[in-house]
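Below, each structure is written out as structure tokens.
Two complexes follow with chain A in common, the first pairing it with chain B and the second with chain C.
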Partner chain A sequence: MKVIGLLILSATMFFVAPVYSGESGGLEIMQQVDARDDGDDLIQKMKQRLIDRRGNVREREMISFRKDYAKDSKSITYFLAPSNVRDTALLTWDYDGIAKDDDQWLYLPALKKVRRISSSDRGDYFMGTDFTFEDIKQTPELEDYNWTLIGSEVLDGHNVWVVEGEPKTDGLKKNLGYSNARYYIRKDINMYIRVDFWDRKGKELKRLVSEEIKQIDGVWTAMRGTMTNIQSGHRTELSFSEHRYNTGLTDRTFSERMLKRGYRAK
Partner chain B sequence: MKKLFNWVLTHPKSVLLVLVLATVLAVSQMRHIYIETDMDAMLPKHSDAYINKQVLEERFGSTDLVIVGIINDEKDGVYNTASLKLIQELTDWLADQPHFRTLALNDLLSLATIKDIRGSDAGLDVEKFMEDVPETQAQIDHLKQRMHEFGVYEDVIVSADGSGTIFAVRPMPDSRHQYAEIYDLMKAKVAELEARGGSERFYISGRPVIEGVFGVYMPAEMKRMQPIVMALLLVLLFLSFRTPRGVLLPIAVVLMAEIWTLGTMAALGAPIYTITTMLPILILAIGIADAVHFLSRERLLAHHQAYAHHKERMVEVMHELWKPMLMTTVTTGVGFLSMLASDLPPIRDFGMFAAIGIIYALLITMLLLPAALMLLPEKEKHAERKPLFSAYVEWLGVTVLKHPKRIMAFFGILLAVSVFGAMKLDVNASLVDQFKPGDPLRQADEMLNEHFSGTTSLDVMIDTGRENGLLEPEFLQHLIDLQDEIEKDPMVGDSSSIAEFLQTMNQALHADDPAWNRVPETSDMAAQYLLLYSFSGAPDDFETFMTGDYRQAHIRINMKTDETKVVAALLGRMQDKTDNWFPEDMGYKVEWAGTGFTVHRLSEMIIDGQIASLATSILAIFLLCWWMFKRLLIAAIAMIPVSLAVTVNYGMMGNIGIPLDIATALTGAMALGIGVDFAIHYLHRYHEESVAGNSYEDSVINTNRSVGHAILFNTFVVVGGFLVLLTAALYPQMKLGALIAATMVICYLATCYLFPVLLGLGKEKIRV
Partner chain C sequence: MRRIVLIVAAALAFSSSAFAAEWTMHGSLKNETAYFVSGEKRLDKLQTRLDLKPEAILSDRWEFRGRLLAWYDAAMDVEQTNATDLTTGIKKHYRTYLQSKEAYLLYGGDAFDFRIGQQQIVWGKTDGLRMLDIVNPLDMREFMLDDFLDSRIGLWSARLNWYADIGGSEHEFEFIVIPDARPGEFAPAGSRWAFALPATPAGIALAVQPGDEPGWRLSDVEAGLAWRSNLSGWDLSLNWFYGWKDSPNMQKSLTPGLLTLTPVYQRMNTVGGSFSNAFGALVLRGEVAVNIGEGINRTGVTPATSIGRETTVNAAFGLDYNKNNWRISPQFFVRYLPGWDKNVVEDQASGFVSLMVSTDYMNEKLKPEIIGLYDWADGSWMLRPKVSYEFSDQITARLGGDVFGGVNGFFGQFDKNDRIYSEIEYTF
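Here is the complex of A and B:
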């Protein structure tokens, strides 16, 4: 769920909804968003730009591999730049549901050792970005929210549903760091193109915008995603490239051995 | 001039109308008045302390945090389930308050938010020390042990003996106007928690709170002191005139002058600083003199029925008085204007608006009194009454002639003691010391400093000049070295930097072996540690210690005091170290900031400004006297009482141990400007007497008879007015009030006792 979600953030989320008609509630819409085909595996390059409120930019480049195992998935990500973290690599085994914590290992070339990473809260920020572990999931854990369909509107020329999700309990709100989130979901492809988040004090906190949505290998993919923290002025821009879906990645790709070996461009 | 006076007297209604309109205009401006409590705003904008503070906030976030301390004197201190629950509750409450920015770890530090870094079987664990409130003794012991082993937060968040813990929370940006509200909010919450009867005691401090309290105290003090000073004036005026108009007219003059001054301040956008809160009192006490002179003279002439017509008499009064009044106003004004030699905006504003205020007072006296008297019905002839203190004044004239040696000896000893004291004069711009020792806020602050690392911030910003520069092992080691040096100072409670965290991570990644508690060996390693950390901790956990490009580092220092001496000594010692470890020619740039540094720069400017303004005022007033009396010798003599009084002022400060601060720094120039009036009045009269052919003895006695009363009245008003400041809630006001009052007494004594003796020196006596 975790890292993989970020890597394929909105890049992989849909299949064109099968014949859909009639009224539906917020939960049904979110379930459709959740039930999209995002390919069985994926290779892509990703560039992260962390921009603070003064406009200082920190950039990272990485390449990632992902493969689905039924509802679980595995992924491996190699850092390509900056040079001081080059060859650092992250392996994630991502289990469906909250019963079992995800496994994560990081290989640090300076130490030449693989380190296990302790699991985090869903509301914790991820890898210095403005995304929390919850945000980088393809869709949030649907059963943790009360979903309400607010209505329909036109956003950037697309018909969208506006669905609001409120965490069900105060404990969840605290854990997630949100009191509310509003999803703008394109009706034609069941993909959200904007999300607004409110913090626990009820103030607008963050905004996620997905752009340059196109079909690659038959899968609708957003080439860019920007998460802006409205309160701190910090933002994270992700851009994706060189997508290759369904190339038939082997299980070996997601092993500790490959983590240490590092990425070798073909 | 006479034409002008005539015009005033023939158009009294128009004059009054103009005065009223001007007053209405001033009142309409007064809603723009605002109070400035930001200590950094007391620095000129070009000061490095001011600039660096802005840079610090821009790069690393504000370090001005609200601090709440919990102390539990029972055996286990705060390490018990009840206290820890309370800590969790207060943390959650703080996080929910809209007044605080609680985005990142460093926005809200408490035992319930800080994170532990430690090595685990295969990796690095970053988790809160207190994910849940520990219930069992074993869990509590574990928490205690982790806190001690991690070390970074020991004494900072939890006191070393475990007796107390603090919360540090960041107010929303640009919420300065809400600081007082925040303090009230915190007090109410703390009262609620204390009411539950636990053994925890709460203390609230931190710079936003201190400044918030200033913001509350200042207008409250102005409102409170105004009626006291007015009552004092009413009593003195009544004793002098015993008629409604004799009481009310001067009061109207000074009130109007006060309103005009405040209106002018508002219109010019000048804020109210702690010291400018004293302006109204000052204008009331000093401005009253002109009106009193005017009415006394008018009454004397009326009594003697020297002029048949009301109007002629008034013209004569105005004609007689405008020159001496202008002169005394100018000399007093010059004393105040000399404060413009200071770089500090509050002192500059104080000087400028005090000068403007007394000019207004003179102007209003010359317009309002004649116009009002023209409109009021002529009084019947007053019964001749001996002024109060006549016996004293008579006695004085004779006595001074009898004991010249004793008087000389008294002032000689006074001078010697004062010079001795003045050598010990100290400077202290401490913010906390502006509160009285008994003030709850100051006590809370002392308590927090006693138990924890300190409430005063001092910050070092080091620019490595290149991206990723702070990751270099050598640089990190020098950060540690500098921290070690800084922490050698007993008044430094703690310091922290990114280097400390990297050391801890290094150890955690080497099986928690303390031997690895050192900075990472390579720059790449440091970068990878930080990346690793970002998977477990929040990215902004370190935003207060370094910039995102890893170019600039910040060492945060907590000091237990903001006394100038301590900070200055520390800064002096660190200069060599930073020059050595972070040389400029290698691209490094070291900048200091924070409350400690602001205090340091304030102190320097107080001293520099003090010397400059004192020199300016002495010279300017001397030149004025020279011009007035046309003789160098007389001008020199005129300067003696005030110079003596000013020396005694500094001597008292040195001997009693009152340091120069932003308020007491005003005393010198102020005393000089006010006190020289006594000398001018005295010498003026003495001159008249000797010109009239009187002997030395007769001249002294007559002078005393004639101006002795007026000088005494002035002394009473000024001394009384400033003594009202003794009731002030803020220390600087109190000290300033006592000092000026004492200095004015000395000035009076030197004028009325020492002058005659000096004038009697030499066989020929000095001819004036």
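Here is the complex of A and C:
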């Protein structure tokens, strides 16, 4: 539950990219991905489909607001549907780097309370999706990985770098739930369009694919993304709509007040 | 009812104005079935619940939000009437329910929100037991087993929340006025969820007289103030409430062969505050509520010696630990009477500990949870295991139990009320 907002925020950030090209090492490439221009703020709607191996589908609809504060950002996400999660809302103050954990607050309509929640367990899955906290970061915390450029190839008609990130310590591997992750990054827009993950035992675990990438207000944006858990057969499909970049969102949008008031389309 | 009509009429008046209001209706239909498995085994409830949440966007600034809860409990017709815990009166009390829980207009300004109408106002950071969450009284027809959202009694009130940027941080100031002063509601005497009355000596009969409840009178108005902010990573609040204690104290009068109890409702001031912050995988939270002049029960048997007033200090501290989709939340509650003497009925120090453990499987379709509460002053306890399964976005089923233990005491008095229950809910 607690991270759906982060999912939306970060998926947005994750699926946007600046224009850049040039041969570099693994870390440099990931830094370029991290440094992309994704607009100063963003409003967007998101639909999430959770599909189990039998084909049973659960759907959720959300709207999210995000604003950058230099390298930090704030976001707030409201659940719009289905009714049993309606008015649940998540506020995140996302700090750059690993020195400080993000701050997160969750509004639970069943309790009518705002709860402070922990954001430190980056390997936790959230809201029944196939994304972990770590997956939904704009980019992983770069300093936690050893990055290696392992080559270039053509993927879906695009030239991509293939960069592997291995968590630096066993403790990090345990916390993140991964032993390795391989990023396929489009050279023309510095945006990763596929990520493969391996679990702590070295078995292939998940695959993230982003699709329908286009420019909105000058920002490269993926309109759809799918994370598939290869081991369980469960997958999470995300689709985005109604993007509005750089509308000048106020600081008060990202407050406990708005969590409690909830979102109503006007 | 007249007040609800007024609020809805105001909302409808907006609707018919130049702004095209948009009305929506969400809610749920639920069956709750519970069966007593200790004491006299029988159905506790066979309820069909309808929960409606009408809302309207009336203009750029104004909204209407409401909630209506109704049910029919077929157990009151299935089970045999008796002369003890299922009398005709008790059955009537439990058979049907229809109450507005909320019906208010919300004005969202740039730097303030204003709400007027019937509201639930929730303070504090703790779960399961209330210390600072004292604004709305509870309907305890089912002890404390119902969700607070359902058992809280909505009060007609005006609330202004003003937000100011001071020193780079947002500060919230809340002002509350409640003309609708009301005490809590309790299970009818003799029913299985009724609180135990004081024991009487052999040969003494017990009579309970009606008390003078607070109501819609100028002299009974309640008021509150709160401040909230996030400072250096800490979520902080300071609170003050001038209101009525939800539960009455029992004034005694002993005449030969008869002990008469008269509920006495008393005002009190509550000052307190709350805090929370996250440290890695831990969230630390807590609250303190000092009740000044809280009504208490004393051991005397005359009107003058059977009740009194004391300052009570109530505090709670909790931790939330999250790891690998497991959530573990212990809490510690303490109540202390600095001016206690041996004629006060309760202990000088009392309180509870609680523990909640939950996790989820199958991408959060299956969610087991267990909550335990232990009264460390009287040794009684309550255990509440539950498992829920989400069949679809609309349909959720739950199975659970409520188990009580101890000899008398807060939970032990319901030792014969262990029950298992099922719920199936359709939300729309």
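Keep this in mind: the second predicted complex is superposed on the first by the 242 of 266 C-alpha atoms of A that agree within 3 Å, B and C clash if a C-alpha of one lies under 4 Å from a C-alpha of the other, contacts with A are read in each partner's own complex, and residues count from 1 in each chain.
By definition in this document, a residue touches a chain if its C-beta (ideal position, glycine included) is under 8 Å from a C-beta of that chain, and two chains touch if they have at least 3 such contacts.
Only a predicted model underlies this, so the values are computations on that prediction, with no experimental measurement involved.
Undergrad: Give one word, clash or fit, describing how chain B and chain C relate on chain A after superposing.
TA: Clash.
Undergrad: Considering only touches as defined above, state whether A:Thr88 meets chain B (first), chain C (second), both or neither.
TA: After superposition on chain A, A:Thr88 lies in contact with chain B alone.
Undergrad: After the superposition on A, what does A:Gly128 contact: first (chain B), second (chain C), both or neither?
TA: Both partners, chain B and chain C.
Undergrad: Contact-wise, after the overlay, does A:Lys214 reach chain B, chain C, both or neither (first, second, both, neither)?
TA: In the superposition, A:Lys214 touches no partner, neither chain B nor chain C.
Undergrad: Once the shared chain is lined up, is A:Lys71 touching chain B (first), chain C (second), both, or neither of them?
TA: In the superposition, A:Lys71 contacts neither chain B nor chain C.
Undergrad: Just to be sure I read the superposition right, which of the two partners does A:Lys203 touch: chain B = first, chain C = second, or both, or neither?
TA: first
Undergrad: State whether A:Arg261 touches chain B only (first), chain C only (second), both chains, or neither.
TA: In the superposition, A:Arg261 contacts chain C only.
Undergrad: Thinking of the overlay built on chain A, is A:Glu59 touched by chain B (first), by chain C (second), by both, or by neither?
TA: Second partner only.
Undergrad: Would you check which partner chain A:Lys112 touches, where first means chain B only, second means chain C only, and both and neither mean what they say?
TA: It touches chain C, and chain B stays clear.
Undergrad: After superposition on the shared chain, which partner residues are touched by A:Gln231: those of chain B (first), chain C (second), both, or neither?
TA: Touch status of A:Gln231: first partner only.
Undergrad: Where does chain C run into chain B after the fit on chain A, at 19-27, 181-189, 325-333 or 343-351?
TA: That would be 325-333, the only stretch with clashing C-alpha atoms.
Undergrad: Determine where on chain A the residues touched by chain B overlap those touched by chain C, and list them.
TA: On chain A, the residues that contact chain B in one structure and chain C in the other are 50, 52, 56, 58, 82-84, 104-105, 110-111, 113-118, 120, 124-125, 127-129, 234.
Undergrad: Considering only the defined contacts, which chain A positions touch chain C in the complex?
TA: 1, 50, 52, 56, 58-60, 81-84, 86, 101, 103-105, 110-121, 123-125, 127-130, 234, 251-252, 255-257, 261, 264-266
Undergrad: Help me check something: in the complex, which residues belonging to chain A touch chain B?
TA: Those in contact with chain B are residues 50, 52, 54, 56, 58, 79, 82-85, 88, 90, 104-106, 108-111, 113-118, 120, 124-129, 174, 200-201, 203, 229, 231-232, 234.
Undergrad: In the complex formed with chain A, which residues of chain C make contact?
TA: Going by the criterion above, the answer is residues 26-28, 55, 57, 60, 63, 106, 108, 113, 120, 122, 125, 127, 147-149, 161, 163, 170, 172, 228, 230, 233, 235, 276-278, 280-283, 285, 320-325, 360, 362-365, 390, 392-394, 396, 425, 427-428.
Undergrad: Per the contact definition, I'd like the list of chain B residues that touch chain A in the complex.
TA: 58, 92, 95-98, 101, 103-104, 120-127, 468, 471, 509, 520, 522-525, 527-529, 531-532, 534-540, 547-549
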